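Each structure below is given as structure tokens.
In what follows, chain A forms one complex with chain B and a second complex with chain C.
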Partner chain A sequence: MNPQRIGVYVCWCGSNIAKIVDVEKVARVMARIPGVEVSREYKYMCSDPGQELIMKDIKELGLDRVVVASCSPRMHEPTFRKTLKLAGLNPYMLEMANIREHVSWVHENQELATAKAINLTRAAVHRVMVHAPLVQHEVPVNRATMVLGGGITGMTAALRIAGQGRKVYLVERSDELGGRAIGVGRAGPHMNSVAALLDNLTTRVNDSAYIDVLTGTVVGEVSGFVGNFLVRLANGTRELTVGAIVVATGTQPFDAKKLHRSGYGRFPNVVTSTQFEEMAASGRFTTESGKAPRRVAIIHCVGSRDSETHSYCSRTCCMDALRFSNILRDALPDAAIYQAYSDMRAFGRDAEEFYARTAERDVTFLLFDKLLPPTVSEAPAGDPYPLLVTMDEIATGIAIEVPADLVVLMVAREACSDAKDVAKLVSISVDKDGFFIEKHPKLDPAATTTDGIYIAGSCQGPKDIPDCMSQAGATAARVLAAITMGKVKVPATTATVNEDLCVGCQTCISVCPYGAVIYLDKHRVSRVEEVICKGCGTCAAACPAGTISPRHFTDNQVLQQLEGLLAAEEG
Partner chain B sequence: MNDSTKNVATPPPVPKKKLQMAVYWGAACGGCCVSVLDVHEALFLVLEHADLVFWPIALDTKYKDVEAMPDKSIDLTLFNGAIRNSENEHIAKLLRQKSKVLVAYGSCAHMGGIPGLANFSTKEKLFQRVYKDTESTVNPDNIRPQTSYTVPEGELTLPVFYNDVKPLDKVVDVDYYIPGCPPQTERLVDVFKLIVTGATLPPAGSVVGVFDKGQCDCCKRTKSDNKKIKKFYRPWQIQDDGETCLLEQGIICMGPATRGGCGARCIDANMPCRGCYGPPPDVADPGAKMMSAIGTMIDSDDPMEIQEIVKGVVDPGGTFYRFSLPSALLRRTVQ
Partner chain C sequence: MSYEPKLVAFLCNWCSYTGADLAGTSRTKYSESVRIVRVMCSGRIDPTFVLKAFREGADGVLISGCHPGDCHYHEGNYKALRRYHLLTPYLVQMGIEPERIRLEWVSASEGNRFAQIVDEMTATLRTMGPSKVQATMANYA
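And now, the complex of A and B:
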């Protein structure tokens, strides 16, 4: 008798799978593989009757392993693992074959699709034969949180968490709270006072009994793992122990000097949007000569949506540019105001109306192709205005020169220059532009792939104030949910070192993105800290001696799966 | 004195039956046979305990003599060399039939060895090179080896040259493996002593005369996690500091992906390990493991720069699969 008793369950997914794949044939072929005790198809395996079918077979037929051929394991692996657990089997004795996303949804030929479904399911059967039971551990959670970054996002997240009576350390490297919002007068489209908002947040943060504000403070080192982080501050001996970390480090303005065509740094009357905010705050709009400007050209997308610098849209500059036009119009009723733009991104409630209202205030909108952005140059001697903005105006199809005595560059918002250092500090990833990557853009936008590390605000991608505050709230809710549970589950699918065979070459140490592999000098072997390990397998791939193995993705399991996939027999 | 005991005849000592031993070479360079000769004075120990019944490098025993031996009459056969042609395979099968214990001796029998690198080519390409293209070949009639040829005196035959080189265990069951190119003679003597003293032998299929741990475990050089390679060097291209892990200096050393047991002679002579002792347990493909490890050491995120750095690995196939190609997952190039 074969020592293994495998149950195979092929799902129709209604007609999602069954209309392309001959599910009965798949089940028939699987039944012939030695070790397969039972092979069935059913309309919806994930439904209650479907799961009950599996549980009944496990109990009555004494199955010790299960294969479900259905949808992506991303969808229902947790479901069926739970099914196995309820029936008394270790949840890791399950393997899924994805015959929906990988077969029925992407193929039209029924015969070939069925053959592929058979191959994938056979691969799963071969793999499950070498599955091993795994245990998932739980660790207690420290209920304090560190929020990194004291801008609007960081303060909002801190207040939300503190509002539930949980300790927060709010760490800000500059000497005051407020971040990039400091100096911003008002925010479009409603022209609310940002200063008032900041004042409100700062006062509440400083007054909170649960928030420890640490300005002028830089984090030196973060060690530990979800629920149990140890944070060493760079400016002293102080150490914080926290269970969760919220990263809200924001963005920095793009340095327009990097774009020669912008004229910035070469012509004194070319200013950035940040400098314009300062003018607006002082209420004095002047050119270099000290006079009020008569012709102001506002240029969009400086460093954004541009193949030379950043390909992304910085998202807030269009509204800022409209706001600047309104401020200018209020202050200088007779000045000519030009906006050179390539797409007006006026999304969200009331934004389009704001755009329309601004257009009615004698602001001239000039459209350029983002592949051919405007160039700022010095006007020839004798011209009444010192600067010329040259562009192809594509709405009219005419190449034009706009004389101006003040040019405002709507500079991009980019990831902070030390974003990579911050990412390394807390073991999270950055995208090609340096923004932190969330765990899943839709399903888990406030978390990261490192458990216990959350992100909020513009450090994840440029955002306006309402979006920053919303994400801060979402992140706070995520943190509170984690610390309220009091304990966290650490994944069972971690890497493990066979210390009897480890030669201590240390190839694995620096490749771990989570800092989970440590070298034990005394024993001259590496060890994986399982609570930190995410099971990515990088160390196992790097280990030249084959002594590191990722549980549930061992070489043998993968090779067996390949054997099953490439097995010649057909039914 | 009890006189009665005096007259009891003492039975004459029965000479202990000597171990019947054979050594054979398949596709090999002869180095493995020399490593057996290298037992030096221990040869007396060997001869005291063993009769060498078949050893083409030293004795004139004919194949027909072996064929005439009863099955399982040879206690121990050390088979060195890979399976490259039909003669190698025929004798491998014959010796399997005649031997109680068959040992794959040396890298070629163990993993395919240096001859196994021919699996990066094909029979046709090899013949083209050897019988036509080499600078010293004069072969205007394009004469190639024939497996049989009739002459007035009768039929002449040659073994069939295979397209693939195989390790010994791909054609017969192998009891033990003694790796090395060649195996260290001391390891052979150790194994020989175990057999003649009747010690319990390890389970069939074991690799013997080795450590389970890799070379680095014996290597005296200092090792750290600072394995960042900006440029690969061949040993003659760099002044080795004599102390730091060779990999950390950019010299490709197969040490971490290779079993210990050889005495780390190459490394002690400041040369990188070439991998002749084969992979540690649980490694199916030492070349792939080492390439994967090397990949993580390349110190760049820039695809162009990475390409330039990788160009510094001269002959990656020969470097990473020098001894193991036919037994590795890779096995050969696609034809």
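And now, the complex of A and C:
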């Protein structure tokens, strides 16, 4: 092996490290390791003079690899990689020893802390000796996008992307666009017409020269990777090639039959919020007997905020219940209207005011403890109303029975029953409730952990129309940013197979969470699709022949690090 | 000098290593015995790494990754768990006491928990005394 020329730089971090660790001693000990050309300590390695010191040594002393003993690599690894790059070295010829977060900030005994700092830095020196230069590749990006789901969210995302002149395939399983918003008359708190909104979106989508609307279409298979997906439609007639995929598959209403106490499916005058929307659309409010209802009880949180069904809040039903009360009051001025609720979630602009206005319209609000939700039962024979809603009203502390001839259940919105299949189709994750998980809830809420796959709307968690449309816009912007450049960088720290030694057992294929390893039948070896690989390295831990290896975390690199870490104490 | 145990900790980059960083930024004190090796995922930890650590003189090995369901790479921690269960009896056959190896889930927000695990393991290793692996290897050399 060629003699190596390593530079070691031990940082004081002001007094953060130097107060506990004898940094001069660390530098002195490192200087004695064969291959170490220069070993220095300095007050702040990350400062401009600190980085210039490293760059100067690289150039003047011909260093070919660098160790920085300072803070966590999670903090400054990008900084020092850039330093190496600026000085003409491959950025991966760096290794850091974390002697601040893992030493000086957590230990008090100076002697032991210094000994540990020496061990960690020596481990870094041993490791960097077997580092290899790595190259970050770029692959071209197909600028078309597939949007999965033709509801309000999917249409909005499609229009935003098409607005930039990019091709969109809008794939909808049912025969018409609109999703769950079809049949919804108005939306609170302003009672805007949802039908008009849908009409506007659908017309613009159908008129767009850039949007290919594929209704009655199901996706059969998605293969490929960021920038280069191949989508096979289930009817087998067509294949789409796209660079990005937006999943906007929405939610489904909770099946109230699952809750016996709701009375749904047992009593004909118990209806769900979805059925109530249909009544409202027709303008005809009737009980089973065909007469207009005189006492209506609206029950909140049916399937939401409940340990038996869904623990989460469905977010939209409180506002829907208020809207229903207003619709009922307009249509039936003399009817008694009850709302049995456990917390009124009227959040956001104008919502609380809407609640207050509704309360002024002779609507009776009854409060229940969410642990003791109301029960719907059949009224005894001879009662004037067919149903009884029984509950402990906690504002008054009285157990009450509300006679009613119509009960409306505000059913939860839940993840679609086939959400897991969709997740599997595009390799994304679902949470415990079946909603798709974003890459980061705050920093990257429209992306997923699979590059090139984005999410929008209530498939990520229940949302109202404005929130769905906002996220659709955010997701479209995220997609456009990814496809506009026309190329995408692939991480350098991917796995690679030594095909000369691979025995073709395909263990790596069985453990890869991304399907990034393919088997070459002709050569009987595995090969890594580097654009898909995330570099987790589990294939390497599983490979019985030791022929697959994640770059920058190779067996040899870790074993060398361990030798340095546990070498006998020195001066 | 009194016996100071050497504990090697393999930590995944996303949860446990970040948790150990948090112990640092929170100035949570723990034993100097632990020496941390970063891997991207606990699923990367090849049993060879553990054997190598004992071979080079570690008195104990800690493997730590994200809590079940939280793995950055979906399920690497489950693979780490399986490998741990396969490895431990093998270590015992080689004369390495099972108390010398531990698998623990530590999230990025559990700096205190990381410190506590290190201190617990250090106390155990201290009462057990040094690992006999190196002395045994010397006999066969």
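Assume the second predicted complex is superposed on the first by the 382 of 571 C-alpha atoms of A that agree within 3 Å, B and C clash if a C-alpha of one lies under 4 Å from a C-alpha of the other, contacts with A are read in each partner's own complex, and residues count from 1 in each chain.
Note that a residue touches a chain if its C-beta (ideal position, glycine included) is under 8 Å from a C-beta of that chain, and two chains touch if they have at least 3 such contacts.
What you are looking at is a predicted structure, and each value in this text was computed from that prediction instead of being measured.
On the A-aligned overlay, A:Leu559 touches which partner chain: chain B = first, chain C = second, or both, or neither?
A:Leu559: touches chain B and chain C.
Which partner chains sit in contact with A:Asn98 here, chain B, chain C, both or neither? Use first/second/both/neither.
second
Can you tell me whether chain B or chain C touches more residues on chain A?
The partner with more contacted residues on chain A is C.
Which partner does A:Thr538 contact after superposing on A: first (chain B), second (chain C), both, neither?
A:Thr538: touches chain B and chain C.
Which holds for A:Phe365: it touches chain B only (first), chain C only (second), both, or neither?
Neither: A:Phe365 stays clear of chain B and chain C.
One more residue to check, A:Pro73. First (chain B), second (chain C), both or neither?
A:Pro73 sits against chain C, while chain B stays out of touch.
A:Tyr44 contacts which: chain B (first), chain C (second), both, neither?
neither
A:Asp500 contacts which: chain B (first), chain C (second), both, neither?
First partner only, chain B.
Name the contact category of A:Tyr519: first (chain B only), second (chain C only), both, or neither.
So A:Tyr519 only meets chain B here.
Between chain B (first) and chain C (second), which, if any, makes contact with A:Ile509: first, second, both or neither?
The answer is first: A:Ile509 touches chain B but not chain C.
Intersection of chain A residues contacting chain B with those contacting chain C?
Common interface on chain A, chain B vs chain C: 511, 538, 541-542, 555, 559.
Inside the complex, what are the residues of chain B that reach chain A?
Residues of chain B touching chain A: 212-217, 223-228, 245, 247, 255-257, 279-284, 286, 289-290, 292-293, 295-297, 329.
Provide the residue numbers of chain A that touch chain C in the complex, in ascending order.
72-75, 98, 100-102, 105-109, 112-113, 115-116, 119-120, 123, 429, 449, 493, 511, 513, 534-538, 540-542, 550, 553, 555, 558-559, 561-563, 565-567
So in the complex, the part of chain C that touches chain A is made up of which residues?
Those residues of chain C that touch chain A are 4, 6, 8, 13, 17-18, 20-21, 23-25, 27-30, 32, 35-41, 43-49, 52-53, 56-58, 72-76, 79, 83, 115.
In their shared complex, at which residues does chain A touch chain B?
Going by the criterion above, the answer is residues 498, 500-507, 509-511, 519, 524, 538, 541-547, 549, 555, 559.
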